[in-house]
Amino acid sequence: MRARFSLQSLILFLPLGFLALFYFYPFAAILGFAFFGNGALDLSGFQAIFSDPYYLSVLWFTTWQAALSTLLTVIAALPAAYIFARYQFRGQTLARALTTLPFLMPTIVVAPAFIALFGPRGILNVALMNLFDLTSPPIQLLDTIWIILLAHIFYNYTIVFRIVSTAWANLDPQLGNAARMLGANRPRVFLEITLPLLLPAILAASLLVFIFDFTSFGVILILGGARLVTLEVEIYRTAANLFDLPLAAALSLVQIFFTLIFIFAYTRLQARVTAPARLRPQHITKRALKTLGEKIFVVANLATMLCFLLAPLGVLILQSLQTAQGFGLQNYFALHENTRGSATFIAPTDAIRNSLVFAGVTVALAVALGLLAAYGITRAQKGGGLFDALFLLPLATSAVTLGFGYIIAFSRAPLDFRAAVWLVPIAHTLVALPLVIRSVVPMLRQIRPNLREAAATLGANPTRVFREIDLPIVERAVIVGAVFAFIISLGEFGATTLIARPEFTTIPLAIYRFLGQPGLANYGQAMALSALLMLVSAAAIALMERARVGEGAEF
Amino acid sequence: MLQIQNISKNYNDAPLLRDISFDVADGEIVCLLGPSGTGKTTLLRIVAGLENADAGRVVFDGNNLKNVPPHARGFGLMFQDLALFPHKNVFENVAFGLRMQNASAHEIATRVHKTLELVGLDAAVFAKRDVNHLSGGEQQRVALARTLAPRPRFIMFDEPLGALDRLLRQELANELRALLKRLGLTALYVTHDQDEAFALADRLILLHRGKIQQSGTPLELYTQPTSAFVARFMGLNNLVEIRELETSELETGDWKLRARTEVGVFEIAKERAGKENEFVLPRPRAIERVVEHSARAENVLRGKIVGTQWRGGHQQIVVETRAGKFFFEWDGAVELNRERFFELDAREIQFIAQGEKT
Amino acid sequence: MKHFLTFFTIIVFTALAACQGTSLQPTTAPGPTATIHIIPAELVVVTHDSFAMSDKALAEFQNANHVKVEILKAGDAGAALNKAILAGADNPLGDLFFGVDNTFLSRAEKADLFEAYKPKGADAIPDAFKLDPQFRLTPIDYGDVCLNYDKAWFKEKNIAPPTTLDDLIKPEYKSLLVVENPASSSPGLAFLLASISRFGADNYLDFWKALRANDVALSEGWNDAYYNKSTWSGNGDRPLVVSYATSPAAEVFFSEGKLTAPPTGNVLGDGACFRQIEFAGIFKNAKNPEMARRFMDFMLTETFQEDIPTQMFVFPIMPNTPLPDFYKFAETPKQPAQLAAEVIDANREKWIKEWTQAVLR
């Protein structure tokens, strides 16, 4: 027992150390500054929060919009998760890769695309106006909750889709058949067999989506039209613009407190619903499309899904091709021209290279630390849930609060990291880590221990057992986590803008810079760079998915 | 030679194994037999090094294995649910142990091929097959091949045939014994099924409640069970509790034991009794005569035949008495539901201890 | 398995290669060792995201002073200053800070981050810009936040564009204006200050309530207002946007020669624009104060000042600096709105809260 405990603490040491140094330390620093800045304890922030009903309304809005967004995202993504889990068809890998694109697009470019689609002069309204001969746009979504819900579904669709379809693909269809033989009809089978078995996966995905929606920032900021405010936006305004750090820190703590409640509720719930499901290899659970009905079902679903997810991105590409002379590639060629001879100009190829390198380092770090953490969590006899929750905390913490924490914590010797380039992938890893852990832990829990024991009795030492048994079996989950880490790093903007050095500009930063200046060329080049970000990401994701498909026996 | 010395193990603060000791000689097949939940599997796992005993030692060829991790013991273990690697095909599963020994590719290929043929699988057909697509029996054979391929110096089986139907189980058990003997392997085999154990074992060890109840050849256990528990486990269910026991010397100088029970008095020669005599066990072939009236005062049962069954070339009759049902082989004429006297051969009656309560 | 390992290895190697590449970046360039004063060979300029200077100007300064200039961008203007304040005066983020504007001047002065230094040539700066007589902060450039209007739209609708703030609440300008949230946007704050200057601290909210009644649209930031809500972007339905006086000129500059005249014009009536003046200062406890002073001097030379219009689209602070050709479209208001820096600083948060209460809730 003792030996195992020390091994376990050793495994958890690295990821926990990472978390302590790059999350808790700066976070404690900013809290200290906020509450003890003047030497004495200052809780005026909390007083302000609890005396003003406004903050209560912000909290309420934050919560219900997140809950509603999550519910709608789950409902929207379930059909596709089913299709990808149960059927085999051509273009599956490509379609899966495409669904990931929205997740990584910075809000700053998605917002214009949404406006070009749903705005007062958007494609949808213009078409409806022409069709029914209307004088004013019939769809008024901007600055309403509707466009926020749409954007949240658009962004988080892939989380639910990927996590649930992976779990579904491993579910033994025999169970459903058994239930049908016992007299259950299809809906009953879904409600009583499939859904309960999928529940851990659905809950895991929902939790992530909920946290993303609860701490939603860019979508609310740009599409919410200043009047719809989440806690995260309020924290940002308070910290960055009013510079009222005690209030911002108090709000951050409120946000973390509520997120922790959700995480805690979730872990309790999960402990109850996790049944040791027997994994089945994919080629047993999957089959080709047979009947016409199946084909129509799949095609209709895929079409809806891709249309919704890709239309905004298509609009974006369209706009990147729009130039003063009509359609053309000028915006792309112009990316290389340092028209103003600016010293801080970064060629987009460099920005792409920087982004890819940061993303690569992030993936390596997040996968290495995530695997260790996942092991520690699954091996821990007690407190596994606590560690699980700990690693989710960075997702729940306001980026701007943490960003200020970094300044205080890491600008003095011996931890003077101000000019350190590697802070960028570190910050990205902090965000990506929980996603890697969340996708690996359930798979690790489902590896039957006797597989490891069988390997041991056949002469495999513990390292060898890990390489031969654990790694190949969790590989798919690791790749899902790696894809998330990769795209989070590629699209990350908030934290990067605070810590990146100008010579190591990333793609989103470059896009932001273009959009910071007036003129058709700037807008076009921003769109061109966004299109490039999409292409690069799509290529990288497709590569990762291929790495998996190349494997002979999948599990 | 494997020596199990004074192994004890607690599970959830309750003793699971209590001071277990036995040896397995080179080339011997020993079966650990017992109802489920008696710690058989745990004992196997302790020998494999997958679990640690609270006390006692596992010694192999004179070396204490205490600090030898499972992968360095050179033992083979075939798991109850086989634990085939689902992400590897048949060839890769069987090759696994050889790869761990850093065997050359050529050697691996030859050996995997040979081993597959050995367990009765056509290597050309099966090597590339997906283990998840095999039938139960085929999976069993692959698992066996995987265990055998690295030539373990000692091999263990944890109810490997449990999931199969009776006929296949019997067939595979016979085949397995032949194979183990042909390869001259030393083996420890865990099962709860006595037919399987009889088919396989050179020696049986009957385990119950963390203790060894009896050990010996299958014949010894069947013919000379030392306790009611062992007898019942061997399928000998004609047990009746002794109320009063007396010893008397005959004129011939032989000693006799007389036992008074609910269904009459039984008298046997003293050498047929055990150390403790708590139960009378009339063996299945004990009936000498079935009569309407008997003059005998002892070794006679009164009851009626309530059923017959054809079993293994004999007719089995079910006799209902005041003390419950008795089962005998009896090839004579049968009249159902008539009160009769069943005269028993004293040489087919044993007095035994109670042993563990079941 | 094999594929995964390959993939993993590639990533790790890319990462290692990248780290190696970056560590080769000269963080400390070899300086002249024979000089009597050993001057650290690096100057760290802390600034905001919008800072830009030309290669030519940068090279000129670096070569003349044998120094490597490191430009550390720390987020938008507000965030950059906040970071500098958080780091504290004892342990500054760098040697020099560029980009405090007049709305944040008092906050910067209160934090006592900067040492007084009057750069060479500072006497020539017009007095109206010298808001800090001690020269802890020296003005470098200025620009006006004005309303941009869509020329084509107003022409087509045959409506005259507004000329003053008072016009905006008239019914004919209903549903035409988009403004940025002063809590999160620098031009938004400037426009709010212009309205306070025009209507007074006691009555400006009435103007905003009237604007709200007149269906003013709100954006969180400039780029959303300008690119997503303006009519000339093709995406929105608002022909009046709070932007910069130089934006029309920039439209011409960034049209790659396609436009000979800007599609937008400025509303330049008295008090309708708010002037932003940008300052730079030397951090107390700078590692390289001598070089920082030289850079302050340099920022007032024609080389740097000439660069400002094309690099940052604002006006150089030094009079008589030659302007690029397209600046003929960059109009300046005769009478921008006025508010003292101390007044702004004393009331900024109060006004923003009041505004938020009146306009957002």
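The first chain written gets the first letter, and so on, giving A, B and C; residue counts start at 1 in each chain.
The working rule: a contact is a pair of C-beta atoms (placed from the backbone, for glycine too) under 8 Å apart; a residue touches a chain by one contact, two chains touch by 3 or more.
All values derive from a computational prediction rather than experimental measurement.
J.: Taking every chain's C-alpha mean, which one sits closest to the mean of all protein C-alpha atoms?
T.: A
J.: Please name the chain that ends up farthest from chain C once chain centres are defined by their CA atoms averaged.
T.: Measuring from the centre of chain C, the most distant chain centre belongs to B.
J.: Using CA atom averages as chain centres, what separation in Å is found between chain A and chain B?
T.: The mean C-alpha positions of chain A and chain B differ by 57 Å.
J.: Please report how many Å separate the Cα centroid of chain B from that of chain C, as a whole number.
T.: 88
J.: Please compute the C-alpha centroid of chain A, do the same for chain C, then give the distance between them in whole Å.
T.: Whole-Å distance between the two chain centres: 32.
J.: Quick check on chain A: which residues sit in contact with 2+ other chains?
T.: Correct list: 472.
J.: Which chain A residues qualify as touching chain B in the complex?
T.: Residue positions touching the partner: 279-281, 283-284, 448, 450-451, 453-462, 464-465, 468-469, 472-473, 552-555.
J.: Spell out the part of chain A that touches chain C in their complex, as residue ranges.
T.: Listed in rising order, the residues of chain A that touch chain C are 33, 54, 108, 111-112, 115-116, 119-122, 137, 143, 221-222, 224-227, 229, 236-237, 239-244, 324-325, 330, 334, 338, 340-345, 356-357, 360-361, 363-364, 367, 400, 403-404, 407-408, 411-412, 418-419, 421-422, 467, 471-472, 475, 478-479, 497-498, 500-504, 512-513, 515-523, 543-544, 547-548, 550-551.
J.: What does chain C use to touch chain A in their complex?
T.: My answer: residues 1, 3-4, 6-8, 11-12, 14-15, 18-19, 22, 25, 27, 44, 49-59, 70-76, 78-79, 82-83, 85-87, 91, 93, 107, 181, 183-184, 217-224, 226-229, 233-237, 243-244, 247, 250-251, 253-256, 258-259, 310-311, 313, 349, 352, 360-361.
J.: Using the touch rule from the top, collect the residues of chain B that touch chain A in their complex.
T.: On the chain B side, the touching residues are 45, 48-50, 69-77, 79, 81, 83, 85-89, 96-97, 100-101, 130, 132-133, 146-147, 150.
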